[in-house]
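Below are the structure tokens for one structure; questions will follow.
Order of writing sets the labels: A, B and C. Residues in every chain begin at 1.
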């Protein structure tokens, strides 16, 4: 096809080694245990399959979030985005929620998207808190830029965490008004909003080692695989 | 107060209303006295058109001072117009028997504790200020 | 006074029905009720129970819109509002219309669409039930009253938050079998109360009430067809008799009550209903109580005489109020798990009573041999309560 190794190395970005995210588990209201962990490289194509049905759901802005998220995951697979991480919340190995973000530099993080298949149990809010935990406590950054594409996202993220508006800064995602999570915002709200118990018991980790696709989507009542 | 002050400045007081026949205090205001049934005629400077008819006027008694806490709560999901994360509220009983709800400014509330009621600004929404009861530890 | 019976019932799914119009939601429940009764028309009066359609949906005169939507002109039509007790009051007004002899067949439908506005606006609109000078400007919401009430009750009788969760677990388990319920996820007591994450997934909303003590914001409608008992053979199914109705009021501002823990309006409304039915609390087989806040299921059960004051929680812990217990309470899941579209709740309780008395409830939810069912619809914060007793005949 005319590609050479040299050309590929010119186009591919130079990624940094980011610290790992230790897995944790959260007991949800129904008694189910959701394991929050980082995805492995080989699981990324499965994540694409998880997101794809949501691209056609206009309710609650699932379509725009899903299509942008799909692009970000594809860029991870094909090495066209730098310093991105992706966490998954899995219940009995079935993918319930996925979140991603980027490390811009040592002090600044860019939160990208949060999308949840399982509804009614606040999984999205719990995985969002895990994302913030990674930026603040493992990457030790000073600030994170966030935007919300849907009103539910705005309520769960901007209002509950009492984020600082900073509209003069541009977020990567299309210029929607930017809000900033500072270390103060994070540590003030952490006792109220961050859940999770570590370490995860061996059997629970083993059960969620191989992820599976969700069997049904509440957002798509007549869908089937 | 000057005429224009009365018109434009908010009244920084919370009042109970006293029946002129039997003296019972009411908070909030009512149409008829709860004890003797006497009709409500507000104080003279508030309703000048009744002054010549010989009705007895209800007095406004400002609320404040010592009270006792009956129950309390802290609420996290606030309505439109409030930016705080949470607000504390309490129900108190004054020495004159009037019960009222107001904002609680006490660190560790306990039912039965003695409090001091003062007036403070409860909210400002679309330029309109509202003043109400705040309860502090004695 | 003529005897009145319920001959048809209808119900929509409770939940997020944002994509539908309010009138469509009401019409759906009404048509279901008409189909259940086996009629296509012949309704003399339509009564709609609704709290705040002007604020939630920016539409008033919904009773007239509904009559047109259902092709029921020139039936009489009125709307009845009583805050969260609109459904119960609408049923009472329908009963009065037939008992007085004015009409023969009445369609009563209660419905609300709260999700047309955001969560803050919905809290704000419900907060307009409070006194505009003495309560609302402070930032009080209805859950705040339940928090203060629960705090006082817990101090007096030693109740704990965990004990109230037992009620939430029961209601969620019941609602998981109810196809109309908003939340059909059964929850476990350990997960919402004991694990270290429980404070995050079950946070405080109005201390000491937490998220799983409070009902969700829902849309929905429920309807019933009432008729005079002497013409009930026109309809498909055997009527369920309306044995007693009662309602009463208490002070508008809850802080003005002589005893903050005394739900006087509930007690008097139930007493009036018992008197009319000629029975007492001991004859009630099952009840649907108004529990947007878990503490109210407990206190209403005591106020209507089903349990002694302060003793209800022990009985509930023993399982007496489970579906297979001595006195099933909220077999439909209650407002906690079934949902609380404010205007629809009263009629939804009637729907459940009729379904149980007919023996048509889903498996796992059917009360054994019910004879008398009690529904209590609580308005404001105990300011205006409507109670209804239905009998199997």
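By our rule, a contact is a pair of C-beta atoms (placed from the backbone, for glycine too) under 8 Å apart; a residue touches a chain by one contact, two chains touch by 3 or more.
Fair warning: this is a prediction, and the values are worked out from it, not measured in the lab.
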Linking chains that touch, what shape results: line, ring, star, complete or other? line
Greatest Cα-centre separation from chain A belongs to chain B
With centres defined as the mean C-alpha position, give me the chain A-chain C separation in Å. 40
Distance between the centres, which are taken as Cα means, of chain C and chain B, whole angstrom: 33
Length of the line joining the C-alpha centres of chain A and chain B, rounded to whole Å: 50
Please list all residues of chain C that touch 2 or more other chains. 119, 203
Contact residues on chain C for chain A in the complex? 19, 118-119, 183, 185-188, 190-192, 195-198, 200-203, 212
Listed in rising order, the residues of chain B that touch chain C in the complex are 27-28, 70-82, 87, 89-91, 99-103, 111, 122-123, 130, 132
Please name which positions on chain C make contact with chain B in the complex. 119-121, 123-124, 127, 131, 133-135, 137-141, 143-144, 147-152, 155, 203-209, 253, 255-256, 260
Using the touch rule from the top, collect the residues of chain A that touch chain C in their complex. 26-31, 59, 120-122, 126, 151, 155, 192-197
